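Paired with chain B in one complex and with chain C in the other, chain A is shared by the two complexes that follow.
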Partner chain A sequence: MANHSQLGFQDASSPIMEELVEFHDHALMVALAICSLVLYLLTLMLMEKLSSNTVDAQEIELIWTILPAIVLVLLALPSLQILYMMDEVNEPDLTLKAIGHQWYWTYEYTDFKDLSFDSYMTPTMDLPQGHFRLLEVDHRMVVPMESPIRMIITADDVLHSWAVPTLGVKTDAIPGRLNQTSFITTRPGVFYGQCSEICGANHSFMPIVVESTPLKYFEAWSSLLSS
Partner chain B sequence: MVCLCTASGAVISGGALGGASRWFRRESGSGGESHFDGNCDAMAEDIRTKLEHYKTAPFDSRFPNQNQTRNCWQNYLDFHRCEKAMAAKGADATPCQWYYRVYKSICPMSWVTTWDEYREEGTFPGKI
Partner chain C sequence: MLPGRRHLQPLWATCSRTLVLTVLLGGLYRGSFPFQVVCTREDVYQSFKLLGFLDVKNVPCARESVLYGSLGSLVVGLGHFLATSRVRRSCDFAVGGFICTMLGYWFYCRYNLAQQKIRQRMLKEGMRNKMLFEGSSFDPEKKQTGNERSNS
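Now for the complex of A and B:
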């Protein structure tokens, strides 16, 4: 989950998010380099250290054409690499459905049995000591760790959006449409997210909690719920 | 393309089991004999094996993008068409279970319930 006044990304819990964080750091360095150069040139200009009697500036024209082109390539290549990585065909182990309602999520696990449950936010007055306000839910979405998961996201009434920042997932939940996304959790843990499309009075109060556990605990949990 | 043998020996081919996008059509002129008979038992075994090892709906190249609505709809239709066709021929409907498993995995339960009700009422918008 995010800490208060947190500026940066949460630690990545999926391979795609790791790549996105790396790319962000790279892009930020490029942006910092450009800003530094501009600031430097601006300072020189203000101190009247730059020559202003140039008529034919072939060399500098060449430099400030080639250099930006190189910068753009440096940005585009990793960006496209990640874009294509996100679209890779991965045969999932499990298909889960998340259905947005006003104002809770329903999770369905129907590969074998018809397992379905609602996930409501835990009201603050019922929150146990030490738990996270406005983030905890009564029933978490449990997934086996290190397994490719296919998520099918839809909604029952209005637009919602299913987002879990640490997994690098945000997908709109649209009534009448099934949106597919996928992720792999690299480690066990509890991952939080919040509804990311305005959906009425309690839009801020329908969080998402994904619990990633080893396969045997997942199987035990799903057997318990199916019985 | 998948061949499915009926009790009468005529061959019904097609289906999405191999990723093809045709639904069932009869091979013309197959009559009471077919040179696919030898393959049919092997195919039926393949389907059973696939069903036994079913984990979840596999990648379907007909629906490669984010929007999987049509995938759900198509498999729901294919299952009911398969059941109807097999019942009409008096054949084993076990291979149809593939479509059932796939639509069960992908389609929200509420959608399936609604469509089942429409079918019972006779107001289902799809052609089965």
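Now for the complex of A and C:
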């Protein structure tokens, strides 16, 4: 989850998010180079006398056409690489469904057993000490770690959005439509997210909690829940 | 104005810019003054943001890129000035040198980092497979020993 006053990304917990963070660093480095150049040119312009003698500027026009094209290529290539990486179909081990309601999520595990449960936010007055306000839920979505997971996301009433920043996932939940996304959790842990599409009065109070555990604990949990 | 004094003003401006840049880069190298240092966790995590957005302390390769870029800028700018005595053009070359060296080292460093990550992943996978398959028929070391015996 994010710390207070955090502006940057959370630590990545999936390979796609790691790639996104690296691309973000790359984009900022390119931005630093451009800002340095612009800062220098601004300083120069402030020290120059204004002149209206220029009638021809072939060289500078060539430079300020080619240089931005190079910058765009530097940004576009890794961006497209990640875009195609996100669309790869990699034979998921598990398919889960997340259905958005006003104002809670329903998770369905229908691959092996017919397992379905609702996930409501834990009210602040019922929160145990040390737990996170407005982020904890009564039933977490548990997934096995280091396994490709396919998520099918939809909604029952209005638009919602299923987002977990540390996994690099944000997908709209649209009534009457099934949206698909996939992720792999690289480590065990509890990952928090929040609904990311305005959906009514309690839009801020329908969080998402994904718990990633080793496979044997996931199997024990699913057996417990289905019994 | 005397003919020779026309060049002093831009030279002074260049020197003052160089001095300011040196102080700022010294701060970058030391990791403290005069840039913003933000504690977002108690006393473990500190960020050092260049121009307010690039966290050179926590982004891999960023600090080295900026420092090597500064060195490259100094070398190119100073070298050009010593060769031509043209202040304005030397400043242009210095800025160009900074950008090219910084981006050049950035790509080199990130490429090496990506290769290192791939090697780490392969090592992790190999260690896990070794633990999983040790002693079983899938153990690659067993197969290798078996081949050596059949060859001898």
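A few notes on this one:
Please note the rule applied: the second predicted complex is superposed on the first by the 219 of 227 C-alpha atoms of A that agree within 3 Å, B and C clash if a C-alpha of one lies under 4 Å from a C-alpha of the other, contacts with A are read in each partner's own complex, and residues count from 1 in each chain.
Assume a contact is a pair of C-beta atoms (placed from the backbone, for glycine too) under 8 Å apart; a residue touches a chain by one contact, two chains touch by 3 or more.
All of these numbers come straight from a predicted model, not from anything done at the bench.
After alignment on the shared chain A, the placement of chain B and chain C results in a side-by-side fit free of clashes. In the superposition on chain A, A:178 contacts chain B only, with no contact to chain C.
Once chain A of one complex is fitted onto chain A of the other, the partner contacts of A:94 are limited to chain B, with no touch recorded for chain C. Contact with chain B, but none with chain C, is seen for A:152 once the two complexes are overlaid on the shared chain. In the superposed model, the angle subtended at the C-alpha centre of chain A by the C-alpha centres of chain B and chain C comes to 130 degrees, rounded to the nearest 10. Taking chain B and chain C in turn and counting the residues of chain A each one touches, the greater count comes from B. Contacts of A:36 after superposition on the shared chain: chain C is touched, whereas chain B is not.
Once chain A of one complex is fitted onto chain A of the other, the partner contacts of A:170 are absent, as it touches neither chain B nor chain C.
Of the two partner chains placed by the overlay, neither chain B nor chain C lies in contact with A:203.
Chain B and chain C never share a C-alpha pair closer than 21 Å once the two structures are laid over each other.
On chain A, the surface touched by chain B in one complex and the surface touched by chain C in the other have no residue in common.
Across the interface of their complex, chain A is touched by residues 54-59, 64, 66-69, 71-72, 101, 104-110 of chain B. Listed in rising order, the residues of chain A touching chain C in the complex are 3-6, 8, 22, 25-26, 28-33, 35-37, 40, 43, 47. Chain C contributes residues 10, 13, 17, 40-41, 47, 50-51, 53-55, 59-60, 62, 65-66, 91, 95, 98-99, 102-103, 106, 110 to its touches with chain A in the complex. Across the interface of their complex, chain B is touched by residues 89-95, 97, 99, 108, 110-111, 114, 116, 150, 152, 154, 156, 171, 176-181 of chain A.
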